[in-house]
Each structure stands twice: as structure tokens, then as C-alpha cells.
Amino acid sequence: MKRVGIVGYRGYSGAELIRLLQRHAHVEPVLIDHREAPGGTPAIRRSTPSARIPCTGQAVHQEGLAVVFLATPPEVSMELAPVMLSAGARVVDLSGAFRLRTPENYAAWYKQAHTQPELLAEAVYGLPEFCRNLIPAARLVSNPGCYPTAANLALRPLVQAGVVDRAAGIVCDAKSGASGAGRKPSLKTSFCEVTENFSAYSILHHRHVPEVLQVSGLEEHEFSFTAQLLPLHRGILETIYFRAPSVARVEDLLAIYERQYAAEPFVRLFNPPHVPDLRGVARTNFCDIGVAFDAPTKRAVVVSAIDNLVKGAAGQAIQNMNLMLGYPETEGLL
Amino acid sequence: MKRVGIVGYRGYSGAELIRLLQRHAHVEPVLIDHREAPGGTPAIRRSTPSARIPCTGQAVHQEGLAVVFLATPPEVSMELAPVMLSAGARVVDLSGAFRLRTPENYAAWYKQAHTQPELLAEAVYGLPEFCRNLIPAARLVSNPGCYPTAANLALRPLVQAGVVDRAAGIVCDAKSGASGAGRKPSLKTSFCEVTENFSAYSILHHRHVPEVLQVSGLEEHEFSFTAQLLPLHRGILETIYFRAPSVARVEDLLAIYERQYAAEPFVRLFNPPHVPDLRGVARTNFCDIGVAFDAPTKRAVVVSAIDNLVKGAAGQAIQNMNLMLGYPETEGLL
Amino acid sequence: MKRVGIVGYRGYSGAELIRLLQRHAHVEPVLIDHREAPGGTPAIRRSTPSARIPCTGQAVHQEGLAVVFLATPPEVSMELAPVMLSAGARVVDLSGAFRLRTPENYAAWYKQAHTQPELLAEAVYGLPEFCRNLIPAARLVSNPGCYPTAANLALRPLVQAGVVDRAAGIVCDAKSGASGAGRKPSLKTSFCEVTENFSAYSILHHRHVPEVLQVSGLEEHEFSFTAQLLPLHRGILETIYFRAPSVARVEDLLAIYERQYAAEPFVRLFNPPHVPDLRGVARTNFCDIGVAFDAPTKRAVVVSAIDNLVKGAAGQAIQNMNLMLGYPETEGLL
Amino acid sequence: MKRVGIVGYRGYSGAELIRLLQRHAHVEPVLIDHREAPGGTPAIRRSTPSARIPCTGQAVHQEGLAVVFLATPPEVSMELAPVMLSAGARVVDLSGAFRLRTPENYAAWYKQAHTQPELLAEAVYGLPEFCRNLIPAARLVSNPGCYPTAANLALRPLVQAGVVDRAAGIVCDAKSGASGAGRKPSLKTSFCEVTENFSAYSILHHRHVPEVLQVSGLEEHEFSFTAQLLPLHRGILETIYFRAPSVARVEDLLAIYERQYAAEPFVRLFNPPHVPDLRGVARTNFCDIGVAFDAPTKRAVVVSAIDNLVKGAAGQAIQNMNLMLGYPETEGLL
């Protein structure tokens, strides 16, 4: 039984990490108090609270934490990642701090300087379906963003197979539940603003765009992305449009996915005309992918769905941890 | 005070017609029992029930109804429209029966023969922003579909202005609240299936597509449309993607809309970077339109939002009735 | 056309006041900036913004505002009410500042001293169904709380008729939509905490309890009240339980209500076994009341429903304003 | 690995049984086709469908099913229970068919004759917290109703301890998510009728009332119950009001629960002033109980919450199965 730490355990991703780790056969979670206050009387009598330690390298070292999850904003992750690594823990960072390849790209999209360029150079991008071989030896794994996870699992096999008409452009219309905005109260995510409403934000300029480009191989001018807020708790569904001039039948597109994902435990393909919905992925680590194709006009639509808190955050982080620690990749996640 | 009839008054569009007509200064609604049962004791004591008549030409003639709204399925509308016209009433049909120009097109998309080709030839398409001059004299007005209303108000001015790169294709990603599926109980629209869910349907082949093509001037191979079900009651939001190679700034796109809609009471334009949401149009007859544009890459996104039961159904039907009967176009709708 | 001011116009009650006053035939709203920032570019182009003035007695006097609505917390209302009165405006206060009869009672339930005891003595409680005769001449009307409005309209006629077994106790189980908690962001009212959830708060000790006691004539030990948060935007439904040993049939209870409310425009009674729901009162100024009764055991249940933002706040405030200014009581509210 | 059958696997309780049983270490589910149609292509490619057999005694016998769950209406359960028992399977029935002790009581509340009085006499009521000793040897276990589970776990310890003032009456105000009404489409549970709404039904006369009386020991005239429909998927919360004249402090009430439930794995008690909410029990087999008490007036309020599909149906059914088959009671449920 190894011990693993969580910084930011009161946020939605952090709470999901606790929930999932409690089912894990080989690790147990330790809460790391960063700015969290002591807490007061627990609501439930006779509940055994999780172990808690202060957010210092010394405490992490003493506890012998094998992995520390940083479920924190990028500026906090840049500050804490070197502390945890020096304390002997390996790190899975759930923020955007270490996802883009260069400090320049980070500065351009996150509007702040990157303070850890050496760690950025070292960080391994933790999308197991495409980077699995690098993760076991990594000290620092950068957990992918929620929108890019759904987009890249849908797009990269097709782009690599050369079937997407890139000149005509690819549209990714993305919708996310409110938990994607985090737990910090704000008017934008208050109940009365979200219920019975639907709204777009960050049109064409969301900071997750460069992550899609980096993994899929597309260029910015080829890829139009809009993020939108759904009146529901969890889930991301992306409707992706493109033309596939060399494709004859919908089965050809499916065959590309079948080849890519034959052995993948967390990617599920749909039989046309079925396409995924959010109900099917809620509280799972699956990415569900379905395809529609109009043969005469070569227009294709791919629907990709994940739970933003699981495959889009905490679940994928545990998938990465499993790879780092040599456990079965699906442990605690099925 | 003129009297106007409603067939299908128990459906969501029919109920919305009653609600809106009760505020109208010049007409009062009469309910026409088509298959509706008598009703039993009203829930509210001392409430004055609306007048009700049977669904016969004789009754409509005796009542002297000026207009009859058909909030019925297309096959019922095809059956009832000639009856109402013979009885001396003018007709606003809210179904898809009289929206497409030819019986052949109707048969292809609605999967049934058109039984009233002469009436189809006579029917006037009731999108006042583009067909206002034909409506006052029409005997039979075909009220536009909900998705096409939002799409055509957004697309037609731009297509006509020639700024849309049609070769690269236009994507319209559409989302609708559950009232769009009607009031008839079905598993697909039951609460537990819709809440905390989001799903796509009729991908690329929705029967509202030909109506968009007919009004916007686009061709099928240029226009990709997906309908999706939102976990909310009312509202349609469409996110429309295209390239505008000749456009320099977002203001150029807005200027096209400004010219088109300067005098329109029910189209509201948004100042960038604001875009419409569903909250803003709920229970109104407005179509709200906003634009985003990335000048270096010429990518454009238009967001168009309506209340599917108002501008997408009952409100637009009353707007048409106002034009037919010579009342101010906005009467009862502001 | 008289002008009336709104302080706190960005809150949910304030926004509802604007929405309702825009339909009013005889007054127009003026926004009074208390702590509101200037605002920036409006989202909608060519929209005409409402008139705005600073929150000073001088400005209110210069504008000649007939009435000022205070949609503010009680401590702000205590500060502003004398300012507005001195400036020549009459005041409708939507907070709890002037609802309880004595400063001692206020201090006990609101946990702060009352700073305006003379105004408290002068204030008229604005529940028109029971205090209509005092409102026209009042300078300061205290608009009732949302929970007490639904409770008192249901309870007071029965308590006064002597049919309630007070010794056995009355239970009022109250449920409110999230707008009742106001617009200020907090974790408790954030979307992810409220959706798919239901929770109780202020059990037995809600600060609206003394207002129910004051109007209904019940005593605290006789009346058990729990407030609960519904995952919806607007509406309060209270399920009220008591025994009525002298009553023979449900019609006897209804007859008491019929006598009391025969001429009331905003109280609707339901025919058993129908009872009100929240859908029926949404966006209306109605209080809907229904009754169930088990004759053998003398157990009675009353269901009382209002829209918390209308009859529970802004609508009732306008009803009071209509009485103060001599307009028809229902103007702008039907 | 034993095999257990599910009749009614397409309903919400049946689907929840499948979901939970797939996590169980010692049994695997077999679907029994009662009226279900074959199904067509599965949505997900390469998914392994569960085993399916026809609904005959012969098939159940051949499969050697150890237990059959009947997630069916009571009239179907009365028909199938003897068939399954004759085929050698033990039965857990999730309907109301075998919950009340006498055919007369069943006929009075369910409005139909009981066709299996001998089986009714034999059936064991499956509320493990109070009937644990009878369940291991039972052939036929009647799984408790959802409302009664929450009510009886809250009420029975207090009634038995003699602290409830029965003469003054007990009120149980119950709220349930829409899944409690089952999966069959109906207008009452369609999305547009439920969202943004809250409504009461079966006031004082719900068919779950006699089940509460039977277990709690209360009499009908002492117990007022109202069921209400929440705009959410799953969960029941009951707010229970009574007087406790002999109680001095809230801790005294908690002590009664502590004694009763010290060793219970699925009952959680709350520290005042915390009380349960629905979020806390969603997708768990817990019943959460919290208490508020006003010492001067002896008024008490108990809040009891469960997931209606888990502790209120499928989870409790598996808890019963575990007891019947000699597995740890919590297997598959934590």
C-alpha cells in the first residue's frame, strides 16, 4: 500500500481524486493542506477522516509519498512541483502549467510568464493513448486538459491517417458541464445563472486550443473551437465537423479508430447510427466516440464524450499514476 | 375584437399561443377540440375557461374565426387546412406541412406524400424579416421551423452579401430545449433521460435542413447541421462556423446585419465580445445574434438564439397573424 | 407617468422590479446606483438603457421620485430609508428591516440592533390581503418576506376561524428555489452544489418565523418551520399540516378561504383533489392555495405556492406601490 | 460465482441492479426477458452483452439461478414469484406485492385482490436493520418501499424508545426524484413538466403509508404523509416533525439512534447542526439521518435521506441477497 498526496483536495477535481482513490487496491490518499482551513466538526459522526499533512517538502518527504497530485491553478503548480520533486515524490499536475511545449507558447495563451522552464522541458504529457511509453519513467506528468482529451482522442487518428480535409477546416463545437469551471463561487457558475441557460465563451481563443493543435497535428487556422456551458454538473461532449474526401463509407472512418484503439481499455467506439451522450460516460473514465458520414458530400461528424472530472481530470491522473507506479492501468477505474 | 382559433391547444406550442394571445389587445382565442377530451373539473376554482368549439368547418364558420392556428402534426395540418379555408378562416400552420416549395421535396424529407399540392403552391412562408410583403394578403401562412428561424436570420444576410466562403462549408451546431420535441410523452424526453444529459440526433439529416437551404440560398453539400437536446425547457442556440475571406474586421460582419435589420423589431444584435445566451431570449419573440471573428485566419462564428416556443413557434405565428389582420406587427409580443 | 427608483437593481428582486415596471402603464423605473459600478458597453446594440442616478437624497429629490424601492440588505435599508423619506419619496422596503413590530424582536432574530426604531414604529406591513386599508397613506411600507407571504395567506384565515388545533401544533415544510438566496455568489448557491441536490437549512429557527407568528396569530411553540433549497430558479411551495377537529369536510375549509378571498385578485383556490404546483405560479403575482382533508382523522394539509420573486418580493412591492399611488391594484401584474 | 436473474431489467431499478451486481465479487447477473424485445445492434462496439434467458421456470431452473430479482409491478410479481420459487430460485421482490401483512390490507391500499395469500404469509420483509435474522433462511424476501425505508429507519427507534408524542401527531413531508415514478413514459414525468417545478401527490393516502405504520408501530391517525416530486433524478429526503416532551437535549435523540445503529454499515448519523442532503447519499446504499431539536418547546425535526434506487430499491435488494446467500452484507455496496 503506497501513499499518494493531493493538493487542492477541496476543488472538484481534488474531491474526485479522493473518491476514486478510495476504491484503489494499492494506494491510499493523503490530503495536503495548502490553503485549506482546519475544517471543524465533520458532518457525519464516526467517520474516519483522511490523513492530512501540511504543504511542505519536509512533510511530503517524511510521509514518503510516492506521487503527489497537484489539483491547483497553474501558478500554484509551477510553485509546488519543484518542492514535491525535491521531496522525493513524483508529480501528476492537473493544471495547464506543463502542457504546452515551450515557455513562449505558455506565455502567449496563459498570459503569464512560465517560471519553471526546465521542468516544462522535462514534463511528459499524460495522454496514455498516445504517450504511454514515456509515462512509466516520468518524474513529472502533465495531465491533459478536459477539452483537449476529448478532441485529441477523436481527431489525432484521423489526422494521422490523412483522411481529414485540413484546407476546408475542422470545427469543434464543445459543451461542458459547470464543474469544469471549478468550485470557486462566481456569478457565472451560480445556479440561477446556469439553470435553464446555455452560453458560449472563449470563442476561437480558448487556452485549450494550443493543446489540441500540439497533439492532433492541426494548425490554428485549420481548427475552430468554441466552448459552451451546459446546465449540468459533469460531462464534456464535442461535436466535430470536417470533410473526408477520400473516405467512401462510415465504416472506413470506424476502421481507423478500430486500428488505433483496439487494445485501449478506456476508448469505446459506437456502432452507427448510435452516437455517444453524456449519460453514458458520467462517472466513468471512458472516452466514447461515434461517427456520422454523408457519403455523397463527404461530410463527417464525430461525437466525442467524456466525464470532465474523470477522463478529463482525476481519472486520467490516476491512469497516469498507475502507469508510473507499475500497477494495472485500469486499477480503480473500472 | 376578432376571434381566432387554435387547433392543438394542449401541445406546448398551442399552450404558448393561448398564453400570448391572452395579452393581445385585438383578438381573443377560441379553443378548437380536435382530439381533446372534455377535460373534467378545472384545477382552479372560479377560473373562466376559454371558449371551445368542435373541429368542424361549420363551427369555425359560425364562430366567424378570422384566423385558425394549426399547432398540429403535418399530416393533420394537411387534412385541416382546406377545411378551415373553406370555412372562411385564414390559416397559420405551425407544422412542416407547407414549408418546402415542392411536394417532391416534402416527400423526400418528411417520408410521406403531400396530399395538398395546390395549397402548398399557394402557401406563403411566414418569416416576416424576409417575406413581409407577401403575408398580409396570404390565405395560408406556413410558420417557419424553429431551427431554420435561428439559422436563416443569422445566415441569409451574410450569404446574400457574398462574404461566406461556401466552398469551405458552413457548420451549424444547433442545441434545443426539450419542449422542441413536443408534449407527447416518450422515453427520449422523460425527465430522467434528459436531466444531466446532452445528446445529438438527426446528424446531417434533420428535416429542418431543406428549410434552411431554401431561405439561405445555401446548397446541401455546403451546410452541415446537427441537432442536439439540452437539459432545459425552452430555447434554441445555434453556433455557426464559416470563413469570411473578404472580411477585414468583426465590424464588417455586424454592418451587414445592421443594414438588414435596422428596422426589425425582433432581431437584436450584440456588441462584441458579447454573444447571446438562452436566458436573454426566454419568453421573448427576439432572435439575438452575436459575432466573433479572427481576422488573421478569417474564421467567423455567429451565435443565434431564440425561444423555440416563441420566435420559433407561437410568437412568430402571432407576428404573422398581426401582419395578416393589419395590426401592429409587435402587438402582444413585447 | 410617475418615476420610481430602485436601489439594488442588480439583485434578483431588483431585476424583477425592472422587468415588471417596464410593463406598468403609469410609472417608469429609475435605477439608483448604490454600490453598482458604471457598467461598460451594453451587450445589446441600440438598446436604450434605463435612467440612472446616484444614491443621494438630493438626486432623488431632483428627480421627483414618487416611490423608492429598497431591494437591499436590512442594514442598508435602515440606512437609506430615512434618506429617501427626507428627499420626499415614499419607500417600499423589500428587506426584513421593518417587518417585525419591535426593535427587540428584530434584534433577537436578525442578530443586530435596529437603528431606526421610530421608522419601525411608523412602517406599515405590506400584505395587501390583510392590511390593505393602511397602505394608501403609508410613507414607509415594509414588503413581506417570501416564506411568510405563502404561509400567512394559507394560515391566517383558518387560525382566525378557529378551526386549527393549535395545541397539537402546525407544521410548515417550506421549499424555495435558489433565487431566494440572492444573487451574491456563494458556494451554497453555486450550480454544482444545487443541481441534483435538496437540502434543509435554518430548521425551526429561520428569521422569517416571527413574521408568520405576527400575522397568523400563532405562537412559536405551536409552529414548526423548515426551509429547504430546491434545485430550481424561482418558486416557493409550502406544505402545511395541522388538525381541524371541528371540520367535517374539505369543503368547509375551502369555504373559509372563499369568504376571505372572494374579492382578492391574487389569491387562487384549487378544487380538490387538485393542489398547486410551482409551474402554475412562476412569473405571476398569484398565491395558489389547495387543501386536502382526511375526515375520519381530522388531518388537514394545505399547499400554498408563490413565485418568490413576484408575490414573494417584486410583484407584491408593485402591488403595494399601486395602492400607495392610487393606481388599480393589479396594474402591471396580470 | 453464483448466477442471479433480473426480471424487469430495463426499468430504473432493474438497470441499477445490473450496475451494482457488475461490481459484486461473488455473483453475476442474468437478464430474464419478460416482455422485453430482442434489442437490435448494441450502441457500443465490442461490448459483451449480459446473458439473457426467457422468463420461464424451465429456463431459470436450467440456469440454476440462485436468486431472482423481480423489478416488476406488483401484479407481475404475484404472477412470477411462484414460478421462480418452483424453479428452485429464491426471490427478492422489489414491488409492493408482498410488503403488507394481510391480503385485506393489500386490497385496501393497492385496489386489487392479492392472488398469492400463501406466499404473502411466507414472505419476509427485507429491512435488514430490523429483520436481519429472518432473511438468511427466507425463500421470498419482500424488498421495502423507498419512502418507508427512509421513514422507518428514522422513526422506529424513536417510537420504540417512547420519546415521540404520538397524540400530537407525526408529520413526514417526503420528496422524491423523478426516477421513483419508474421508466415508463408519462406526461407527469416528462422533462418539461418536471424541470423548474415541484408538486405534491397522494397527499395523506400514498400506498406506502401502511408500510410505515407496520414497521414503525404508529397508527394511521397519528401519521401524516405527503409525497412530492423533485426536479432531480434520484434521491428521497424526508423531513419528519414531532414533539418529544421527555427529551432534554438533541444529544438524547442522537443517543437513541447511536444505540440502535452502532453496528449498522449503512446508517450514518449526523452531528448537529449538520443534517443530510441528497448529494451525500446519491449512488450509495446509505441512509443518512440528522436531528434538530428546540429544547424549550420540545419540537423535533429529523431529516432522513436515501438514494431511492439504491437503499430504496436495488442496493437494499442486494443487501438482502447477500444475507440470503451468506456473503458479507456490504459486498458490492461500499
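Per-chain residue numbering starts at 1, and chain names A, B, C and D are given in the order in which the chains are listed.
In this section, a residue touches a chain if its C-beta (ideal position, glycine included) is under 8 Å from a C-beta of that chain, and two chains touch if they have at least 3 such contacts.
As the structure is a prediction and not an experimental result, all values here were calculated from the model.
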{"item": "Chain hops separating subunit D from subunit A, counting only touching neighbours", "value": "1"}
{"item": "Chain of greatest Cα-centre distance to subunit A", "value": "C"}
{"item": "Centre-to-centre distance between subunit C and subunit B (centres being mean Cα positions), rounded to whole Å", "value": "37"}
{"item": "Whole-Å separation of chain centres (CA-atom averages), subunit C against subunit D", "value": "39"}
{"item": "Approximate Å spacing (C-alpha centroids) for the pair subunit B, subunit D", "value": "46"}
{"item": "Per-residue multi-chain contacts in subunit B, two or more chains", "value": "193, 195-196, 231-233"}
{"item": "In the complex with subunit B, residue positions of subunit A that touch it", "value": "167-169, 171, 173, 175, 193, 195-200, 203-205, 220-221, 224, 226, 228, 230-235, 237, 239, 241, 243, 273, 275, 277-279, 282, 292, 294, 296-297, 299, 301, 303"}
{"item": "Contact set on subunit D toward subunit B in their complex", "value": "12, 177-179, 183, 185-187, 189-196, 231-233"}
{"item": "Touching residues on subunit D, where the partner in the complex is subunit A", "value": "41-47, 195-196, 254, 258, 268-271, 274, 280, 283, 288"}
